[in-house]
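Below you'll find the structures, each written out as structure tokens.
Each of the next two complexes has chain A plus one more chain, namely chain B in the first and chain C in the second.
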Partner chain A sequence: MANSAVDPFLQGTTGRNTRGLLRLIILWFESIIHEFDPWFNFRATKYLVQHGFYSFWDWFDDRTWHPLGRVTGGTLYPGLMVTSGAIYNVLRLLSMPVDIRNICVLLAPAFSGLTALATYLLTSELSPSPSAGLLAAAFMGIAPGYISRSVAGSYDNEAIAIFLLVFTFYLWIKALKLGSAFWGALTALFYFYMVSAWGGYVFITNLIPLHAFVLIAMGRYSPRLYVSYTTCEHMSSLGVFGLLQLVGFVEFIRQQVPSKQFQTLLQSLIVAIFLVSVGILVLLTVAGVIAPWSGRFYSLWDTGYAKIHIPIIASVSEHQPTAWPAFFFDLNFLIWLFPAGVYLCFRTLKDEHVFVVIYSILASYFAGVMVRLMLTLTPVVCVAAALALSYILDTYLVMDSPSAEAYVNDRTKANSTTSGAATSVSVQQRKASSSTASESLRSTQDPLIGIYSSKSKLSIAVVISTYLLLFVLHCTWVTSNAYSSPSVVLASRLPDGSQHIIDDYREAYQWLRQNTPNDAKIMSWWDYGYQIGGMADRATLVDNNTWNNTHIATVGKAMSSREEVSYPILRQHDVDYVLVVFGGVLGYSGDDINKFLWMVRIAEGVWPDEVKERNFFTDRGEYRVDDEATPTMKNSLMYKMSYYNYNALFPPGQARDRVRNSRLPAEGPRLNTLEEAFTSENWIIRIYKVKDLDNVGRDHASAVAFEKGSRKKETTSKRRAARVLRVE
Partner chain B sequence: MRSLTITAILFSFLPSILCSSGSNTSQPLNSRLILPSNFKPPQVFRNVNLVRTINLEKAYPRDMINVIIENIDKKPQDEYFLPFESGLLEKVGAFEVRDKKTPEREGFLVDIVEYDLQSPTQFYRIRLPEPLKPSAHQTLSISYSILSSLRPVPAAINQVDKQYLVHLFSAYSPSAYVTLKQKTKVKFPGTEIKEYTVLPKGTNTDGSEDPQKQGSTFTYGPYGELPAGAQEPVKVRYEFTKPLLHVSALERDLEVSHWGGNLATEERYWTINKAANLSSHFSRVTWQTTSYYNPATVAVSSLKMPLLVGSLNPYFTDEIGNVSTSRFRSGVREAHLELTPRYPIFGGWKYNFRVGWDADLKNFLRKLKAGDGYVLKVPFMEGPKQSEGVEYGKVEVRVILPEGAR
Partner chain C sequence: MKFLQAFTWSLLPLAALAAKKSPKVETFEKFHQKALSSSPLKLGDREYDELTGPLRNYSVAVLFTAMEPQFGCQPCREFKPEWELLSTSWMKGDKSGESRMLFGTLDFADGKANFQKLQVASVPFILLLQPTVGPGAKPNGQPLKYEFGVNPSEADAVHGWVSRHIPPGPRPPIVRPVNYARIVAVSTIVLGLLSVLRVAWHLIVPVIQNRNLWAAISLISILMFTSGHMFNHIRRVPYVVGDGKGGVSYFAGGFSNQFGLETQIVAAMYGVLSFATISLALKVPRIADPQKQQISVWVWSAIMLGMYSFLLSTFRVKNGGYPFWLPPF
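So, the complex of A and B:
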């Protein structure tokens, strides 16, 4: 192991270059923060750098969740911001003034490099073959499942969290192997860092105790486990902690009184106690005594849960169950090497291999439930696939044919002496397995195996190399096509092949930033909250930190109700501008009309009497925007704002929506309480200004009618007065 | 509004040479001259003949005064004063005086005279290069611009409407001396002049209509002998459907890198369009349909920046990242940076941005023959060239020399 420690750095160079290249493809565009959440993280980091750590901790952000505000300092995971803040300060100390934005943009690729290193270390702990670690690091470096979260500009918690995850696991294995309190303490340290960095930390908090528990249940208690686990220390982990103390005590007794039956009895007793306590825990959680888990976690157990109870969680595409092709898309050939790797772990079932087995089972389940958790699966897939592949390579890439004599010699040597310089890696592996053979499965007691024919060696080598090459091609393709475009910027190609960039989001955000009062409140669907906060620097009603469902539902209600209902809501929330995303001109499908049903559902969850999803569907159950759209749909604020004045772009009666591919009604919607303030070049962003109350005290509908010069209709006077918002 | 100091610096600086060795060859920046509060320009000159041209073709009026002055004193004199109302003085930019006979020679030295801050009149002092002998004549060519002085009336118009500007001035040229004969020409950008002041008959010497129209040029005068400080207010309102682009602040950094052999220029602009505001909100439909015909508009939809030939790697960004709508044409003879702001800048709208580019340092830097010094020669200002002109409120130019330069 020791002599191979240098190799990866020599051999890994090419691998690292590839990784660097892949991640920096994003810089084709520019140094820009991507997506939605990173914008908030970026803003928070800027705040941290400007105001220092303590005021960051006490940061009350009145620019979001108007009029509620958000206690940001206490409700975020500070690990990411503190990390980049620290890097910023260290670089300044070294008199290298670097823009904080560049640090934030490049943090993720930098940490992914570290992740590759951590994967190498972890895999090396699992396999005696040096190639396994290298392969794992290389896979980790280019696997699209991980690159998706670690491209430059993806300044999100996951960027550093995966490194911390893998590294914590490495430290844990190391601690477990050595039984060292030092490594245990390091594990605890990184564990703490992880907790501060990502909500996914519960994964570790449960995986490590589970591992410890399984080891005990398998009867593999050892002082090493005791030392490492007690050194590094949540809900269920506390239970295992108690259990471990118990087992420690019993083991101590057993050493005094050796009795096989007594031991079995005790162990089953302990398992029973554990199960009972877990049962109590579950009961308490259900009864609401212990802080209940958030809805996101519930959706992990019951995939249907979110759809029924919490539409806001289900509305996020990242929280959808994973489709089968996604596994192949993100992991390519690793996915079918993965079970083989797990199988190999069973063959040499040491403590650390048990860990990989547990990890892979849990991660596979979670990745299946939520697209987002593909991320936690990726490391173990890389590790397991590397184990499998290195095993194959080690077996097939040995030039000389094995001989029975040498094998027998080895075997006897291995049995007689505990240590010795291994001649070849495959032999070492066999030896390692043979030493544990007596304890593990019978099938793992390997007979003499080896490849004699150089033809088969060659063909396997060719096939494996082809797979590896294809994998690299696939990763490059996926990365450059699927994960490299910052979603604020859409790239397209002009007929002449030159690149055309559609930059409507930033056009509108910049307009807001420059040409609206500094204290203007912008209402939009929550998806754009962080971006408006970060790029337009204006106060928003709701944002991507979806902590207050009612407030989001209020916005949903304002969007999905008639103007007469919405206007009081807008006034009550001091809204100055309303922003909607409309893709009809360009055929941009991620627009608000397509997200509209979620707004309706979320609003319906809070006001079931006032907003009804059914009313947005036609009698035949279709969701339509054309002539046949339901009156509720046509009168909703969202519909009106999206299609206002859209007819004017087309010859009369020819207006088409390119996303929903339908012809729009000949007469466009009329807006009374809002006026169009800005529409971006490709109409993706439309901003409306909320009108002030009429000077002469008329309602807006009659004021607009008067302006148009049309006669006051009889019906207007008969219409009921605007409904008043029920305020709780 | 400290445009005055800036533009004064600008012109005294233009072929500016800044030395890394420390000897700054340019004039000290403090150009305000303080005189006793009872100051009155000595009546040592008289204007024999004066022709003033007010050019309204750009987004700011440019005055050009050609005047023959005569020394009526007994001693040679070299200080000629030009009065401005105190409010106006702040807005005067690009003040420049040359000898009409030798226009190729460098401009005369000019200072702002400061004596009594409460006084309604302030002065520019023009220092003649050689004192003018008694009863000798000299022809001066004085030119200046008055920034932020044009006002759109009506102040808010529709997106496709024409814009009309109002300019107020005096039919008599500002003068601290007796003027024997003068006239004022007004050059309009077009023929659509909605309003203009007609002076009563007999004001001018030839008794004809005042002003006299000739195409897009109006002439007030000629007038006979007038005392110092005589005024006759005139108001004109004319069509000008172009942006009034105002750079409220410009920071320009020139960074010399000896290591990289690179001269990096970065300019940060804070701009606002002072044209008539939109009376109703911006309509994209109208913008899209009308931009097809490319009509006159008050909105700024693009900025053209001619760069020095050999400029490289230009960038155009704002607070939220790269603005993808820029185009750089670079060739052997030209380097043009065409910027399209994220949105058309209508009247009252603001837009902040930064542009920057690199250039090979060896075209700007040479080593002195003696000693360790280097001479850096760079343009004081570049910036967008618009047909209607751009005005600057405040300009800050910084030259960043390599670490350790003395």
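So, the complex of A and C:
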């Protein structure tokens, strides 16, 4: 292993460079930050670089969550920003002034290279074959499940967290193997880094203690485990820590006093103490003294929990359960090599293999419950698949074959002399192997011989290389089709095959930046909060950091209620502009009308009497926007804002919504309290200005009616006026 | 509408006067006495009319249900214990009737006339009638309807709904009775299991220390999770769905959709592919006979190729634009 160490490392690095290059090509158009969360991270990093670490730590952000503000320094995971800030400063120290934006854009690809390296190291610890590590690193480099988070511009916590995850696991395995306090301390260090970088850290905080616990339960306690675990130090880890101390103590006693009865006594003591402490933990949790599980985490165990209690978590598309095509889409043939690799781990089943087995089961469970956690599954799938594939390659790609004659001779001998020497030897071998049968797998009981014919070697080599090539094609296809187009800029194909760029988001954010006062407050659904903050630099009511459910529900209520109810809410929150996303013209399905039900649900969770999901469905339980839409739906602010003036695009009575594929009512909605301020080229973003109170003291409905020239109706205006006056 | 409102308002003082004299005042006391002994009240047409008369100084929630077996109303049967629990704990918590709240059940068998009058199309649902006179009255309030299916059918949810809509007053909490029989049963089973463990310990140890067993458990759970079992569990997808021509469609259309059987087929495909891999990696190099080895290499790689090709063709069904394929499928 030692002399071959340099060679695969070099190959690993070149492979890494190639992959880095591949990702750079994705930057074909412009370096731009993708998605939603990265915009906030980018903004925070800029703040960090401009104002220094200490003021970053105390940063109170009054540009978001208006009028509440957000204690940003204390509520974010600073690992990512600190990392890029450090890189920025180091580069400046080396007199290489690089724009902070470029660092942010390219951080994810750079760290994915490091991830490939860490995967190589981790796999090399698990398998004696150097090819396993290389394969794993290559898989990790191109598996779509990971590429989705590591394309340039995806400046998110996950970008560095997966590297930290894999590397922490590598260090832990290393510490466990060597029993060294040094490696344990390194594990602790990276573990701390990981905690500061990603909310998903609960995964390792529970995986490593679980591994230690399983090892103890398997009777594999060793001083190495003691040293490595006590050096590197949530809830369950504390329990296992105590258990480990106990076991360590007992083992120490046992070495001194080899009395059988004493031993039994102590073992039962340990079990009793463990049970009692678990009982206390459960009791305390039930009594509500401590709340060790956060809602997001709890929803992983009780899968129905989120839907009933926290619609805000259930509404995020990343938190949906995973259907099988998503697994295949993200992992291709690795997904069926994965169980084979886990099976191979059972062959030798050293401490580190136990780790892989536990990791595999837990990660596949989590990935099945939440699409987002596919990310934690990808490393172990790559490792296990590489184990399986490298084992096959190592077996079949050996030039020298065992001689078939030995077998023939052996058999003829056995036939001629019933008590031949060779047979007795092999019988003895059989006996020896069968006595250890319970310790090994059934499929590995016979002695290993090798592959005789070069025909079988060749066929396997051809088949495996075909699969590998197919995998590369698959990954390229998936990456270019699904994961590399930034959601801010949409690309579509025109009928003649040329590419057409739809840049409505940036157009609209630029409009906001140039045409609204610097302190304007923009209300939109929370998905767009970070983007408005980052690209338009305007204050928002809610954003993707969904820390205050009530505030989000307020926005939901404003969107889903009648204008008469919404207007006071808008006024109370100083809203100047309202932004909605509408895809009806283009057939862009991720628009606000499709997200609308979640707004209704979240609002209903807080005001169950004022907003009712049922009222948005027709009597037959359909969600419609056409003539048969319910009155509640038609009167809701969101509906009005989406379809306002939409009829003007079409000949009379021909207005069609291309997302929901329905014909709209002949007469479009009327807006009284808002006026259209901006609509982007393809109508994806529509911005409305909230009207000020009427100069003459009329309510907006009658003012609009007056301007339209229709006669003021005495009765209706009186009744409306009475309603508008209602202020909560 | 406005006229009607004015009319009702003008009636109010009269109603108050009338309430003082008429025996209506005692309606609540009468029914409350009954409710204390058995709640929810089992109503017939006559009792329902009396209870829900136009002048009420109390709130009443009535569950419309159809318990008779010929209707086969599963939700009715499921909700019945919850309803009983809610009403009994309310009555027990508010013996003096301070909250002025009554619970009743109107079965289709006893209240055909009212079912017809209200043009009930589906059961179960709850009607909540708020008081029309007295403190917190809503003189022209329409009865509120609690429908199941869209709303949760737990007593706690109904409790919350009722509490929000009746005038201020005590809201006795739901007290779930301790199920002693269950505690006894569970502890008996646990003790039984413990003694079986104690007696058969020497038989069990080799089993739980068996590596093959653990390998099998791990592989099965991994296959289950990676083929989308949790999705089935959370979304409660149907096992199979008819294709409208009398046949069965095994695969759901669309990328993020699946059926129960579909995931099992996929899990089986993954299983076969993994097994072929394991055989090629571990078993084949251990076959001593060269000819046998040659044949099994070909057989296993043929199985692998065929299965993988089938998997790809299945995936093309799910994801229309997927361009890759392998022979033969």
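Quick note on the criterion: the second predicted complex is superposed on the first by the 638 of 728 C-alpha atoms of A that agree within 3 Å, B and C clash if a C-alpha of one lies under 4 Å from a C-alpha of the other, contacts with A are read in each partner's own complex, and residues count from 1 in each chain.
In the analysis below, a contact is a pair of C-beta atoms (placed from the backbone, for glycine too) under 8 Å apart; a residue touches a chain by one contact, two chains touch by 3 or more.
Predicted model only: the values in this text are computed from it and were never measured.
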If chain A is used to align the two complexes, do chain B and chain C fit next to each other or clash? fit
Residue contacts with chain A in the superposition, chain B compared against chain C: C
When the two structures are overlaid on chain A, which partner does A:196 contact: first (chain B), second (chain C), both, or neither? neither
Given the touch rule stated above, what does A:524 touch, chain B (first), chain C (second), both, or neither? neither
Which partner does A:545 contact after superposing on A: first (chain B), second (chain C), both, neither? neither
For A:325, select first, second, both or neither according to whether it touches chain B, chain C, the two together, or no partner. second
So, does A:367 touch the first partner chain B, the second partner chain C, both, or neither? second
After superposition on chain A, the shortest CA separation from chain B to chain C (Å): 27
Would you pull the chain A residues touching chain B in the complex into a rising list? 29-32, 489, 501, 503, 506-507, 509-511, 513-515, 534-535, 537, 645, 648-649, 675-681, 683, 689
Which residues, counting only chain C, touch chain A once they are in their complex? 147, 150, 152, 160-161, 164-165, 206, 209-212, 214-215, 218-219, 221-223, 225-231, 233-235, 255-258, 262-263, 266, 269-271, 273-275, 277-290, 293-294, 297-298, 301, 304-305, 308, 311, 315, 318-319, 321-324, 326
Using the touch definition up top, name the residues of chain B that touch chain A in the complex. 280-285, 288-289, 317-325, 342-343, 348-352
Hey, which residues of chain A end up touching chain C in the complex? 303-304, 308, 320-329, 333, 335-340, 342-344, 346-347, 349, 357, 360-361, 364-365, 367-369, 388, 391-392, 395-396, 404, 407, 438-444, 446-453, 455-456, 459-460, 463, 466-467, 470, 473-474, 477, 481, 608-609, 613-614
